[in-house]
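For reference, the structures are reproduced in the following blocks.
Two complexes are shown next, each including subunit A; its partner changes from subunit B in the first to subunit C in the second.
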Partner chain A sequence: MVDRAEAPAPLIRQPGIGALLLSWLRSPGVLNATPVLIFFLIGFVGPLVIVLAFSFTPERTFDLGAGFTTENYEHIFTESYYISFIWSFALAGLTVLCNLMIGYPIAYGLSKLFGRWAAPVMLVLVIPLFVSENVRLFGWYLFLIKGGGILAGGLKTAFGIDTGTLLYEPGTILMGMIYVYLPFTLFPIVLGLSMVPRDQVEASRDLGASRFQIFREVELPIAMPGILIGALLTFVLAVGAISEAKLLGGQNTPVIAQDIQHEFTYAQNWPLGSAISVLAIVVTGFLVVLVMRRLDLDRLLGRR
Partner chain B sequence: MVDAAPILRMVSLTKQFGRLVAVNDVTLDIQEGEFFTIVGPSGSGKTTLLRMLGGLEKPTAGDIYLRDERVNQVPANRRPTCMVFQSLALFNHKTVGQNIEFSLKMRGESRRARRERGLSLMNVVQLPEDYYDKSVTKCSGGERQRVALARALASDPDILFFDEPLSAIDYRLRKLLEVELKDLHRTTGKTFVYITHSLEEAMVMSDRIGIMQEGRLIQIGSPNEIYLRPRNKFVSEFMGEVNTLAVQAGADGGIDCPAFERRFTSPARPDGFANGYLVIRPESMRFLNDPSEAENHIEGSLFNEYALGSRVQYHVSAGGSMFVVEKLREQAYRGSLNDDVLIGWDAKDSVLVTD
Partner chain C sequence: MESKRWVIWLIAVWTGVIALFLYIPIFSVITSSFGKSRYFRFPVKAWSDKWYDQTLGANLTTDLHLTSFYVAGCVALIAVVLGFFGALAFARYNWRGRQFYQRLIMLPIFFPQAVLGLALLLWFTYVGVLPSWEAAVFAHLVWIVPIVTLVISIQVYGFDAAQEEAAYDLGASRWQAFREVTLPALAPGLFSGALFAFLLSWGNFPLSTFTTGADSTVTEWLYTKMGSGYTPMIPTMGALSVFGAIVILFGGYMFLIVQRRRRLERGD
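== the complex of A and B ==
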């Protein structure tokens, strides 16, 4: 072992923090990224900063300099706006849960079982994405609408059964959300499951694992990054969902996005709308960070 | 040993993938405690054969018996056998300890019992104890081999299958692990069935060797038998570089070589032999000063020489083909390239094979 105390002092002086920062700013990578960086700052970060600033201005002002207050945030909790938070997060959570349970078996089939049928099945699942979400939801609306709807009307003409309607129920909103967001859960899971090596599954079988044990010990842990990404994507999209509640829920069930839209347009109360937006972003962001910390994106994208 | 009931018996075992016959009518008995190696080039069906024995592939025809019990339909997780995969198939999301203890966890053994057995197995395969909590992705190639081996041993299987686990390892480490594996076979007393494409590797470790060619088991025997009495040209050439001379049966029971237009003294001709090859190993060839020094001789010229460490190899061009002669370093031929040389061999050092 070399005695460290006798090691000679380094001849080259270590550069200071300022010099390091300067050299970093001058590096080709940073210079090349500058135009995009500026574009993002103006187009992406800018509006968010404005929303954040508005959320601290007094009620019904359109002037950022009108003073500082936290009353908008207090209003969310004192005036029942928090209910839409509960609905949105509950619906989003349930959507994720249902989509995971529906999506995993389909994803398993797509990546392991269907073989040459995987592509056609995938196509069938992707094609609806080419049609606008609102149009598809309106299709459901027509199907379920009371009296003359395809379901109720059909049952009446064919069997003479008089039914009510499934519309305007939270369960129908959930169904709409599951339907709309399934692909966003499904495809990351397919990606995740495709990372499960066949030989590891065989090895675990050879070592005495049952079908369920293979799922729990090998497939699930290896596919977990994909599953988490799918869940995250679905959750974030579902928290901001508005059309499902509007079309299928008939505005009986309040959701966050609807509140925000209402405050910015009909109620003309930008500060409150901003406060709801900011709170939604913070809560969602917190959950995202929580999940992302468990995630190794590099591994998922095959860079390692 | 031959009298005992075989632990593993294959009867007319066949596997077809569509029109491809991967394993063709293999019948073989493997004895308890034996180290049996199946050798064949890639695509000879040896991996498919092993996967059928392990329960990862179902036979198209024929039967597999494990201790007289037919196991054709028994899935891999219910067979008392374990496989070490070519890729090792370690669970990269688990630690060394978790990998080794996998089969014990599947059986529902307690954490403490698992850890105890895991650590003792790490000792058996010479892994340091502090590797227990290390991620397998941080282990070196040789360490990963040992983890895979310990993991396979953990379930205390009756038979261990090895699917070329050493093929991706560098030469020195491979030699070391070959010896360790043979020692492990001796200390555990388990039955090892090993497959490899290297007959040299098989020679070092095995009690018996089976040679596979295009799905068929063409020769079974001890390493010595395979080495000294290859059944055909394929087996003889599999051993490494050999000299083969195309020969045909002469009218009076001798062996004629058309290329050199001469009769060679050879071992006794098998019945019905018409065309075939005379095989002479490089180390049985020697340089002669006079044709009378050996039973057979060929005139040629020294084309090149290669130092192999303990031995020297010479290529001698004669009769339009190249002959290989190998000598110990101490007995090296002293001469220069393009010398006219005389090489020869005795009949007892040559083997007569068919195609």
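== the complex of A and C ==
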């Protein structure tokens, strides 16, 4: 340790902290960030604090001053609410895995192979995104429904095969999630893959790399930020999914979002609903922070 | 570097299959909306557009679409204004804390939407705001402003700030430089930001369901109706909203093309 007294005093103490802060506040970046930040504070931080506060109030109270307790969290584990967590996270994890495998070849095609066809193909893939999720899931319901559904009816007319219903199975929910969230996995991967320089791939090929080695050593690491964003976005959205389980799963498979909605509507138990929310936020938030720390957004979005 | 032809074909076929997969439910909805019978059975024996007559004639249809339209319109407008400044701070200026800011404002995107909707409902109750379509506008904005900021940022990254300085050197005022240089250069980004905001809000369900209160949007109505069994009005209303989205998307696309052509004719 250096003796404090012997450390050289700074020769010039300028400018003061106050002046520095003032000039920082007046910099164009901060000025432009202010509206969004204020909105963020009111629209995002505020609600989170309230949910957190409510999760510690006694059962079936609607008032923050009603006292402090941790029993809501205990309820989650003693009263089988944790089962929804397992389902939601398992479904979300599987959705991410499937979408990465489905989406990677398409993303590769869009960014490297399709050339001038890439833009129209992209448009074709984007359009369904703008039709409400509920409408599209209802379409699946019509497609899969027993007896008169398009799949069952079509098979019967064309081949005379009788099929049961595919609805109300966890597998159907998974398909619904894969379907709804595929674009959210796909487009970040396209963004990531378009950062892979063609020269570098060519160079590694000239040096004798096999197709698989190029994939593993060149493409995958460079495209990783995009892949991570896609996976994360898909996972988080899938954890919060609500319509898939209700419309395609017939409520046989419990998921977190449904539990939360139930507590806030029928059961009128806000504190428990808040506790479930907080737990979901903590788990997804942990993942988000983990991934975000590794990202260079300027490079990913600005190609710098 | 040329990939082998069969690899390209394989990937193209795969893309086609998945694209088809993406459109299956949309075709299902449209098909069933034109079926004549009270209950949907495939293959459809008789076609009819009577459900459209009925649906379009109902006051409910107008009300639902108007609510959805008000919400999405307000969201698009406000999100673009906030997102514009947000994007300048995100991509244009270099300032202390920018890296932190970039990550911070992305958080609402990476957040389970149903949980966000409910958190907002609690917050509204706490502050004393009644759930209504205006409250839903606010809720949608929390999720959509970050997205619009990102969309506009991509345009801002490609903007050469030297142009603005050149305008100052040539004697432009701050406002003139903004109106004549910055704004036209960023216009495509602003426009796609608005389009994104409108369509995402139009289709949103998880945030609306917690925050609209007595006002109901098209997606909320569909969800409630689906829970209580089939009526031909469901696919009809669904198909109408599909057509609506297509018209808006196509209209927006045409607008962009016309703008671009006009700018080219002017020669800048």
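One rule holds for everything that comes next: the second predicted complex is superposed on the first by the 266 of 304 C-alpha atoms of A that agree within 3 Å, B and C clash if a C-alpha of one lies under 4 Å from a C-alpha of the other, contacts with A are read in each partner's own complex, and residues count from 1 in each chain.
In the analysis below, a contact is a pair of C-beta atoms (placed from the backbone, for glycine too) under 8 Å apart; a residue touches a chain by one contact, two chains touch by 3 or more.
Nothing here was measured: the structure is a model prediction, and the numbers come from that model.
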Subunit B versus subunit C as contact partner of A:Ser204, first or second or both or neither: first
Superposition-derived comparison: subunit B or subunit C, residues of subunit A touched: C
Touched partner set for A:Ala267, first subunit B, second subunit C, both or neither: neither
Contacts of A:Val121 with subunit B and subunit C, given as first, second, both or neither: second
Which superposed partner A:Leu21 touches (first subunit B, second subunit C, both, neither): neither
First, second, both or neither for A:Val282, with subunit B first and subunit C second: neither
Those residues of subunit A which subunit B touches in one complex and subunit C touches in the other: 202, 205
Subunit A residues within the subunit C interface of the complex: 24, 27-37, 39-40, 43-44, 46-48, 50-51, 54, 64, 102, 105-106, 108-110, 112-114, 121, 124-125, 127-143, 145, 147-150, 152-154, 157, 179, 182, 198, 201-202, 205, 232-233, 236-237, 239-243, 246-247, 256-257, 260-261, 264, 270, 273-274, 277, 280-281, 284, 288, 292, 295, 297-298, 301-304
Sites on subunit B touched by subunit A in the complex: 54-56, 75-78, 81-83, 85, 87, 89-93, 102-103, 105-107, 151-152, 154-155
Complex interface listing, subunit C residues touching subunit A: 1, 3, 8, 10-12, 14-15, 18-19, 21-29, 31-32, 39-43, 82-83, 85-86, 88-98, 101-116, 118-123, 126-127, 138-139, 141-142, 145, 149-150, 153-154, 157-158, 199-200, 202-206, 209-210, 218-219, 222-223, 226-227, 234-235, 238, 241-242, 245-246, 249
Contact footprint of subunit B on subunit A as seen in their complex: 197, 199-200, 202-210, 213, 217-218, 221-222
